[in-house]
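In order of appearance the chains are A, B, C and D, and numbering begins at 1 in each one.
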Amino acid sequence: MKKLTRMIAVLLTVTMMVLAFAGCAKKGGSSDSIKIGLVFSLTGGTAITEESMYNSAVLAIDEINAAGGINGKKIEYVVKDYATDPDTAVKVVKEMILQDKVAAIVGLYTSASRVAVEPILEEYEIPLVYPTFYEGEEPNDYVIYTGCVPNQQGDYFVPYLYENVSHNFYLLGTDTTYAQGINAQAEALIKELGGKVVGNELVSSDVTEFSDIIAKIKSTCGNDGCVIYANLNGDSGTAFYTQFAAAGLSDKYTIASFIMDESFSTALGSAAANTYASVNYFNSIDSEANKAYLSAYGAKFGEAKAAAVTAVGEATYDAVYLLSKSLEKCGNDITTANIMANFAGLSFDAPQGTITVDGDNNHIYCKARIGLVQADGTIKTVFESDDVIKPEPTK
Amino acid sequence: MSHPVFKRQLDLRYQKKGGIPMNGALIGQLLVSGACSAFVLLLTSLGLVIIMGYMKVVNLAHTEMLMAGAFMCYYLYSVLHIPFVITLILAYVISFLFGMLIERTVICHFYGKMAETLLATYAISIIMKQLALILFGKSYKQVAYPVSAVLHIGPVYIESYKLILCLISILALVGTLVFINKTTMGRKIRSTTQNRTMTNCLGIDTRKVDTITFSHGMGLAGLAGAAIAPLSTVTYSLGESWLTNTFMNVVLGGVSSLFGTVASSFIIQESIAVISGFSNSIMGQIIVLLVVIVIIRIKPEGLFTPKGRR
Amino acid sequence: MKILKAFKNLPVNRYIDMAILLFLLVFPFCSSTYWIYVMSGIMAYIIFALSLDLLWGYTGLMSMGHSLLFGAGGYMIGIACSYINKADWVEYEKLTWFLSPLSSEVGAFIMALLLPALISFIIGFFMFSGKIQGVFFSLITLALSGVAELFVINQSKYTHGNSGITVISRTLISDSKADRMDDFTFYFVILLFLVLAYAVCMLIVHSRVGKVLQAVRENESRLTFFGYKPSAFKMLIYTVSGAMAGLAGVLYVRTQGSVNSTAVGINLATLVLVWVAVGGRGNLTGAMVGTLVLQIAETVLNSVFSGISADFAQYWKLVLGIIILVIVFVIPKGIVGTVIDIQQKARDQKRKDAILSKEE
Amino acid sequence: MSDERKVLLEVKNLSVEFNGFKAFTEVNMKIYDGELRVIIGPNGAGKTTFMDLVTGKTTPTSGKVIFDGVDITGKSTTEITRDYHIGRKFQGPNVFDNMTVKENIEIAMEGYNSMHRCVFFRKSKEFKEKVEEILKLIDLYDYRHFMASDLSHGQRQWLEIGMVVAQNPKLIILDEPTAGMTADETYKTGEMIKKLKGDHTLIVVEHDMDFVRQVAEYVTVLNYGRLLAEGTMEEIQNNEEVIAVYLKED
């Protein structure tokens, strides 16, 4: 018996040792390729949104490699799942930096995960290209932001709605820093314009039952017409659109949302029809670059998936291309300082039009667009700013 | 640096508002909405209460069963165009059979061991969720409202589908009550809960009783999932949003009485609706949950425990 | 000789403890920085699991919301760090009165242990004096954890909402980058705390208090007939466990370099239950083994599966679920629980034989 | 029995009602210091209720319980056990299953049950000796490292008796100590109880008449929550009322 217990103890120790040594195995990068890391939620709460991001990143890498790579070097990539969990994001980003020795990282969607990995980027001095529109922050020295920020959305969205829809706004949002930020921005703009905020409400992200909020909207907005400025995430957002339409309020009031995108609109169908969206890219943009992007996407992942490509997907596509351009400029001297420096002023003819990295704050110049969701689920651009807009992430 | 106006507004947002002028019509509307929400909550927690109350099993896979039910609704009703009523019945039957499978293969080994059942149901919930992710893909799936009319009663409106949901909820409750209180099987279930050994001695196969109880609980969860599918979109993560609410409801209602669950559904949803009328709905949620806990402290067995033995 | 004999008579799990200690001591010398970091996080989680084992394994109080205390500790550090380093989202000038100790680094560390202890004391006082028992205790703690997550996200003035807070990593008390240790040193700091926490646990469970706690688990009402007040003991252990969970939170946050709302949430609360249950509860070793095994499995699975191919990556959680299910099936008492059982049976048999031969 | 002996426990007009059901009606009883009192009575006679009332598990509707000159009516179980030293053995063996025999006894040991006594507890030599002595008394010394759950039914009964003795109470209440035992074990238990008699006052509630004959000096008979008879074993055996009740039972 004693022998058995001892054997178990020894066995346990040995397994653990083997595990420890297995962890030591180093992969490293080869001389004829450049290794980058992709980190997206392949499982977890936001995996739906991040699917088009991941696909676009792979598409862009394949295209670049097919065109001969970067200065003759192929892009090699590792992909990690952070499962919409900031702690896991920290872990896998560290793994990519320390184990896989990546030169740069592309990915992440949630603000929590971005905030969580920033200290690691600073510590190991590895650049992250963050392809998500978000609430804006003091730019981090190691992050390139290829999504738009509120001043490239709301500054045009709110006045447009004020002019074209109604002077009354009911502000609604998931209790996130993002929704808080843009709703506060909207409130300020509405006051400046002379409009009226009739309601302002945050709900927790697990609310999928909106009876009481719809009742309040109906009661406070009355018969004057109203913009429901609803920045609700994920399941909560789709539930609101559905229930709002079912309550028969779509004719009286108009929903406008930063978060509305093609993955929502194609699924929601008529429930989302005639609602407004605002972001820098819509699937329906009529340009050669966009057509090429979507057809390549469709060929690789299926036509149905191409119809649900969203702004974050396109931003990831841009992110990989911008990164490759920056790496190209580095030549054989690929260091983080060079990569970051080369981003400044870099331009790319993206599917959404030409975008340029602002060297002052690592964000991109892009056009503001406002879209109207059609009954078939596509989003038609109804407004486009004349020129690209300077990003102001701390505004 | 920050835009001055924006900064000022950021400060403002911490003095949270949300309160709006109240009037009779709004209060009436909120009460009606609250009642609808209460029935939805009742429907979604019924299966959980039954499994917890009659079997002392904390079923962490409950909310994933809601999710599975919603997917059944999507594939049967939206894709195969089977009539909605039949879809609901099918959702119940399929979930019932699934519950049977789970009970026979997994849960039956762990009766009376709370930790083990918890672990097993947790593992099942992970597996169910990941399978849904892999099998049904990453996209939002929409189930159209089976009926879309909106009824107006004076100043108060109500969506016809919400009424139907209330009806489904009541039917599920009444059906369960009849099943538990009036049928032979129900008597067996109650006696098994009271005294397992004794029931066994009377020649009743308690294993069969357990299977039926668990399957019925899972069936109800599947039915509820199918019924709430049109309210939102159907995704693999649908279960997550129901976790806190359903468990909270069971805590307040007490596990030994279905009437307790009915009452607590109403108390929770009506108070959230009314409080959110005055202040913001998150604080409403937090306050209600804390009040619930205080109530339990005073009545540890839950609000409505049956007084004597019947 | 006497020592050798005492060593021989130890329960098998003490050998495993020694093996784990040996493993943890050797580990950093043969692993990469990444794995040292991963193991640091796991050790913080082990302290967390130990705190739950005191409560659940020894006292029979199944807290389904233990992360509430873990996160409370973590957030104290987070708030202090963002205030002291003036994070760009901080817009308040001064901390409110009850958070004012957070304006100093040492104060924050003390608060991070005291606040969870206070919270658990209040919850404990509230529940145990009201005879809330069994499944109700579990469900209420579960609900509290859910409420805490909502609350933390809602109080964005201090907590930065759902985005979470960045903290200076790999320091113990200091909030300045200059005092940062390297991964290797910090690993041993955490290991030291782990050994301390383990020692405290051992001290408690082998003391009379520990025996009383086990008696509470076994038969609470019987204990009152021996003149004990079980509620006082339950409050005591809940408070100690809370402080320990807070410590784990601090160490974890310092390893990760950030804290966010998932630290107080239901997800982590359920996870820690799973770790303890998989390892086997009520013997401390189980909590450690369970956490080690499952956390390493999670890390390796995620890494290996995404290494094979991206499409394969989404299967890792499925495999994790299946592993847990298999464990619960094959060894329902947990890994260590089963091993102890085997040894116990063998020893009992030996003693029985001895008694029989004496009688003859 | 002379009335000059010190009265340890006295109940005066003790009654209790559960939802209108009178479980215990106006009972008066005196138990003297150092006595071994056996209480018998058919099912539902109020034996368990009597023990619950004395140990504070049930609060009486009216009447008083006086222990050692102090009114302990309505005090909590913990107080009564700790401050007034009444120990109680339950009907089914009610022990701490997943703890060893020795640990069971140690938990029960007198005087270490307040919080600070537990925190600052060190095993003294006397403590160890006392534990050993009790283990030998209940004949479980060889089994001291066994889990209580691994013992036989009879051994578990003894263990609980040992635990009650470890409390060193002035009054020991034993509820059917021989339930489920073999004849041999029952006899052994009887001898054990006789050994205890000198140092403690004992109340034994029992069904087994052979056992009662073995140990009893003075017997109280309860029926329907009322005191039916009191007297020596001989008197009781010849009491017609008692015979009637017991015959009716059989």
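Going forward, a residue touches a chain if its C-beta (ideal position, glycine included) is under 8 Å from a C-beta of that chain, and two chains touch if they have at least 3 such contacts.
Since this is a predicted model, take the numbers as computed values, not measurements.
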Centre-most chain [mean C-alpha coordinates]: C
Higher-contact pair (C-beta pairs counted), B-C versus A-B: A-B
Chain B and chain D, separation of their C-alpha mean positions in angstrom: 49
Chain A and chain B, separation of their C-alpha mean positions in angstrom: 33
Inter-centroid spacing, chain D versus chain A (mean Cα positions, whole Å): 73
For chain C, residues that touch 2 or more chains besides their own: 150, 154, 156, 314, 317, 347
Two or more partner chains touched - positions in chain A: 43, 47, 175, 180, 202, 204-205, 394
Every chain pair in contact, whichever chains are involved: A-B, A-C, B-C, C-D
Complex interface listing, chain A residues touching chain C: 1-2, 4-6, 8-10, 12-13, 16-17, 19-24, 26, 38, 42-43, 47, 54, 58, 78-81, 83, 85-88, 90-92, 94-95, 98-99, 110-112, 115-116, 118-120, 123, 137-138, 175-177, 180, 202, 204-205, 394
Residue ranges of chain C touching chain D (in the complex, touch as defined): 207-209, 211-212, 214-215, 217-219, 222-229, 232-233, 236, 282, 344, 347-348, 351, 354-355, 358
Parts of chain B lying in touch with chain C, wherever the complex brings them together: 7, 10-11, 14, 52, 56, 58, 60, 106, 109-110, 113-116, 118-120, 122-127, 129-131, 133-134, 243-244, 247-248, 250-251, 255, 282-283, 285-286, 289-290, 292-293, 296-298, 300-302
Chain B partner contacts - residues on chain A that touch it in the complex: 43-45, 47-48, 51, 175, 180-181, 183-185, 187-188, 192, 198-209, 211-216, 218-220, 234-236, 238-239, 242-243, 246-248, 263-264, 267-269, 271, 308, 392, 394-395
Contact footprint of chain A on chain C as seen in their complex: 8, 12, 15-16, 18-20, 22-23, 26-27, 30-35, 37-38, 41, 88-89, 150, 153-154, 156, 160-169, 256-258, 260-263, 289, 292, 296, 299-300, 302-303, 305-307, 310, 313-314, 316-317, 339, 342-343, 346-347
